[in-house]
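So that you can tell them apart, the chains are marked A, B, C, D and E in the order they are listed, and the count of residues begins at 1 in each.
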Amino acid sequence: MDAAIALTSAVALVGRFPVLAGVDLAMPKGSVTTVLGANGAGKTSLLRLLAGLQRLDSGSARVLGVDLARPERSYRRRVGLLAHDPGLYEDLTPQENLDFALHAVRLPVTATLPSLMRCGISGRLLNTPVKHLSQGQRRRVGLAKLLARRPELWLLDEPHASLDATTRILVGELVEEAASGGAMVVTTSHEPEYSVPMADLVVTMGGGVVIASERGGRHAS
Amino acid sequence: MLRDARLIAARDLRIEMRSKVATWQVLPFAFLSLILFAFAIGPDPTLLKQTSPGLFWLSLLFASVLGTQRSLSIEGDGATREATRLLGIDPAGIFLGKTIALLIELAALEIVLLGGVLVFFHTQVSNWPLLISSLILAPIGLASASVIYGSVTTGLRSTATLLPLLVLPVLAPLLIAGARCFSVATGSRGNSAEWLGILAVFAGIYVLLGIVLYGPLEES
Amino acid sequence: MTRRQLTKWVGVVSLAAAIADVWLGLWVTPPDVNQGDLVRLVYIHPALAWVALYLAFGVAAICSILYLWPRTRSFTMDRIAAASVEVGVVFTVLTLITGSIWGRPTWGVWWTWDARLTSTALLAVMFIGYLALRRVPSDPHVRARRCAIAAIIAAIDVPIVHFSVVWWQTLHQGATVLNPNLTPTIHGIMAWTLLLSFLAFTGIFVWMLLVRFDMAVLEDAGVDDGLESALIDRRAEGSSS
Amino acid sequence: MDAAIALTSAVALVGRFPVLAGVDLAMPKGSVTTVLGANGAGKTSLLRLLAGLQRLDSGSARVLGVDLARPERSYRRRVGLLAHDPGLYEDLTPQENLDFALHAVRLPVTATLPSLMRCGISGRLLNTPVKHLSQGQRRRVGLAKLLARRPELWLLDEPHASLDATTRILVGELVEEAASGGAMVVTTSHEPEYSVPMADLVVTMGGGVVIASERGGRHAS
Amino acid sequence: MLRDARLIAARDLRIEMRSKVATWQVLPFAFLSLILFAFAIGPDPTLLKQTSPGLFWLSLLFASVLGTQRSLSIEGDGATREATRLLGIDPAGIFLGKTIALLIELAALEIVLLGGVLVFFHTQVSNWPLLISSLILAPIGLASASVIYGSVTTGLRSTATLLPLLVLPVLAPLLIAGARCFSVATGSRGNSAEWLGILAVFAGIYVLLGIVLYGPLEES
């Protein structure tokens, strides 16, 4: 398989604790993976490893042709992560946040408005500092940021959490669009009813390793 | 690199324009520390005049630590910093951008403090070129060292306490060299070229260090 | 008479008084034996200082206490306190400036670490801190409470600062430089001019206070008027989605 | 109706923005209410009002016999809130966090261990500082804190978010236990499949007001 | 109230025991500022000896601002503070508890700094009872004023810069009075009773204010 993500016995330590205890995973380009698992299984840690935020301590990990043991900085621009906390500048408005991100990755800022609109941030919300937004609205802005950046690898940590019904449907659409556009998507989830149908591969983690792996509801293109 | 530097400097200055924290909090603090130092030394005017170069630089140093703290808090909490890291901005650019933004604030600080010292301590400047060149050279080193150490401490819960501890000893040469230049410029005898040299070397080293080291620092 | 009119009249009358005071001070009163024409600053500087220290910060402290007291808690108190500190800081800075201008020829220096000067400077910083705190955006109720406490603490500190600074000075240094030595030459017209200056600056203080207060009320009134439409807009958000 | 929660035209402002724009709500003792609604509808704001964290700006609100326009401090001890962020001391362990809370509300600390165990925090997790826990584990500790405190009014903001399948079931059990023990429960949710069955009343919010209200799946005792 | 105070003090001290931030960062910082002040004043030994009382107190003040900052950061972020508020703890108890915890840390700080001054500046103490009573009275006012102002600034994004600006001018009398007691205790002539009186009045007023005012502060 021409794997765009290939992890072999990947081990990652936080302090002395192995958050990932030997993960094996292989995914082709344009695929959607959903990671399930109990709390503390290591899902978030896996996403952080893939994003280059968590050091690889042993094993090997190649993602998009990059060796994660020696990640280049340019790798980061190719990856987008929606974490539990979307990490926006609290004093800036959604629009300024997106503009900043797009400037930084050298994309035209024209993508800002359509992305925000699509994620349901419009009208007064465009100019409300992020600190005043509700939990779900923040996540929407985070999602819009990803959408505007169009990374090659989408990492979504519980993308449905805190989002309302309409936006949950939107998440599915965005993931499908991204994957069919050739990007890779890895999402974690505690809501299989949403995340399994949209995935090619469903991986179950436990204790920092993959304990099961099966086909999801998506027909890989 | 320069493009990223501009982006970052613009972001920092925009947030400062909006919040005016440096203007309303750091500037008055610099004044305040001048007054407190005067208290500590006592009301004897000759003593005060004699120590004014040191006090000027000390106030500048402490105020610049506060300025750095503000500059760091703009980066936001852990999640925000990680999100920024994922934008893959050139670390040297980040370093330069933050240093430039801090430099602009330090320049304003210097002007105000200088005014304060001249009025409060009756200092008379006899050698303006020397004074001004020291006031141009020193903040470059000051800002770059502060930004480097700032990013060493960000994300730790104890930035507010750790930063002054780490950065002030590093800045001690600036304090001494700056104070010497100041006292020579205000009439004391002494060789100022050496001290200016130290300021220049310090500035050069830390700008270079920042450009080189900021990458590994930001790595994780 | 509406408050707007009152404000206007206070302004007009105190400005007139100030102009009269300047006229008396500059042309009618005689120069001082020791200080010459410099003495004319006496018609500005002490009045400024008096208004800043006692009136402005006193009003601020009292209104802050009244704000914290549950029965008298209202934004009016908070706004008066804030306006009073703002005007007070302006007057304190003017005191420092006029004092320095006066000090330059009399003492030969712009500044000396005299007790009164030092405590004035500290006071200015204290209340600039209050204004800085006020600027930080937060919920108006929370901000009002925090600022009230900051004002009370600062105001209570004033006498302590005063005494400690007085002792700080006198212990170390024998003769204090500040000795305007006005008493022997005080003239009838001078006394009246001095009194007028106090009245005029008090009037100006009241006027500035009212203006700042009205500005704050106006800003918030815009909000109160806006509340109904804000509620309607807010409810509309629910039906649109 | 002998309402333990009675809100009439409750308006709450944050800054100048009316997060609640006139909420009417009445709930009897021992009932479970679920609040649904789009992102930004005002669900979290409603819980904060009920917790006494958000000031009431107009209208009236009586909860557990207390007028929320003039809440007494003792009211706070009777209320438990599980917010988006459970608000634990990061440097302390789960056990120390619960002990502190129980001391503060004058309850015996013997409740700490059983509560944590029940919420799936056991073994090494008991002594791991909270800052090292995963998102779901934190929420579990937050839930355990509520369980140990046994407040009279439970306010749960999206209690299922970030929790794994087993803990989601546990949430339902805990809510049912609390309500049948006479406590009131108000939860918000974006997951009606979990939250509607456990509720007596299902309220839908939108734009800071209640726009619909129907019976839930629970048979009020 | 006392029970709550104990609870809070125990929590603060336990977190300090675990994180050792005060021990590893605030204590060295106090030393550091002593050294920097010495640099600023210059190498003249008589000058240093003469100014040592002021420098001791100035270092203590600056270090105590850091200590306060740490004491605030223990309260955690917004969510944690709200969670704590929901426990309905007596505000006066919180105030006393935090003040006590801070006092204990300040006491350690004083001992270390005193050692530093005695060694570095060759100061000889002739009147220990006076020195010790000033070192007992001053921190009470210091800690309580700091805790009040600390909670005036918590939750604002700019605590790190705002706190020193607000609290230091208020503490200025302590600096003067403490320094005077110190210099009388180390042999200067002067009336120390007055100064001790100021320290006591300051302590009394701020403890009282804290107990009264902390309620409204914590309200929301």
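In this section, contacts are C-beta pairs under 8 Å (C-beta built on N, C-alpha and C of every residue); 3 or more make two chains touch, one makes a residue touch a chain.
The shown structure was predicted, so the numbers you read here are calculated from the model rather than taken from an experiment.
**Q** In contact with subunit C and with subunit E at once: which chains are those? Just list them.
**A** B, D
**Q** Looking at contacts between chains, which pair has the highest count of C-beta pairs?
**A** Summing C-beta contacts for every pairing gives the maximum at B-E.
**Q** Give the label of the chain whose average Cα location is farthest from that of subunit B.
**A** If we average the C-alpha coordinates per chain, D ends up farthest from subunit B.
**Q** Just grab the chain with the largest centre-to-centre distance to subunit E, centres being mean Cα coordinates.
**A** Between subunit E and every other chain, the largest centroid distance is to A.
**Q** Hey, how far is the Cα centre of subunit C from the one of subunit D, in Å?
**A** Result: the chain centres lie 48 Å from each other.
**Q** Quick check: how many Å separate the C-alpha centres of subunit A and subunit B?
**A** 39
**Q** If you average the CA atoms of subunit A and of subunit D, how far apart do the two points sit, in angstrom?
**A** Subunit A and subunit D have C-alpha centres separated by 29 Å.
**Q** Which residues belonging to subunit A are in contact with no fewer than two other chains?
**A** In subunit A, 84, 90-91, 120, 166 touch at least two other chains.
**Q** Could you say which residues in subunit E touch two or more other chains, in rising order?
**A** 19, 77, 157-158, 162, 165, 169, 172, 176, 220
**Q** By residue number and range, which residues of subunit C touch two or more other chains?
**A** Subunit C, residues with two or more chain partners: 122, 125, 128-129, 132, 136, 139, 141, 168, 241.
**Q** Can you check the complex and tell me which residues of subunit D touch subunit A?
**A** By the definition above, subunit D touches subunit A via 14-15, 17, 37-40, 44, 84, 120, 125, 132-137, 139-140, 158, 160-168, 190-191, 193.
**Q** Which bits of subunit C are touching subunit E when the two form their complex?
**A** Listed in rising order, the residues are 68, 122, 125-126, 128-130, 132-133, 136, 138-139, 141-142, 145-146, 148-150, 152-154, 156-157, 160-161, 163-165, 167-168, 171.
**Q** Show me the residue ranges of subunit D that touch subunit E in the complex, using the header's touch definition.
**A** Going by the criterion above, the answer is residues 51-53, 55, 73-77, 79-81, 83-92, 96, 100-101, 103-105, 129.
**Q** For a test of understanding, state which residues of subunit B touch subunit A in their complex under the given definition.
**A** 4, 7, 11, 15, 18-19, 74, 76-77, 79-91, 215, 220
**Q** Using the touch definition from the top, list the residues of subunit E that touch subunit B in their complex.
**A** Within the complex, subunit E contacts subunit B at residues 19, 21-22, 25-26, 28-29, 32-33, 35-37, 39-42, 47, 50-51, 54-55, 57-58, 61-62, 66, 69-70, 73, 77, 157-162, 164-165, 168-169, 172, 175-176, 179.
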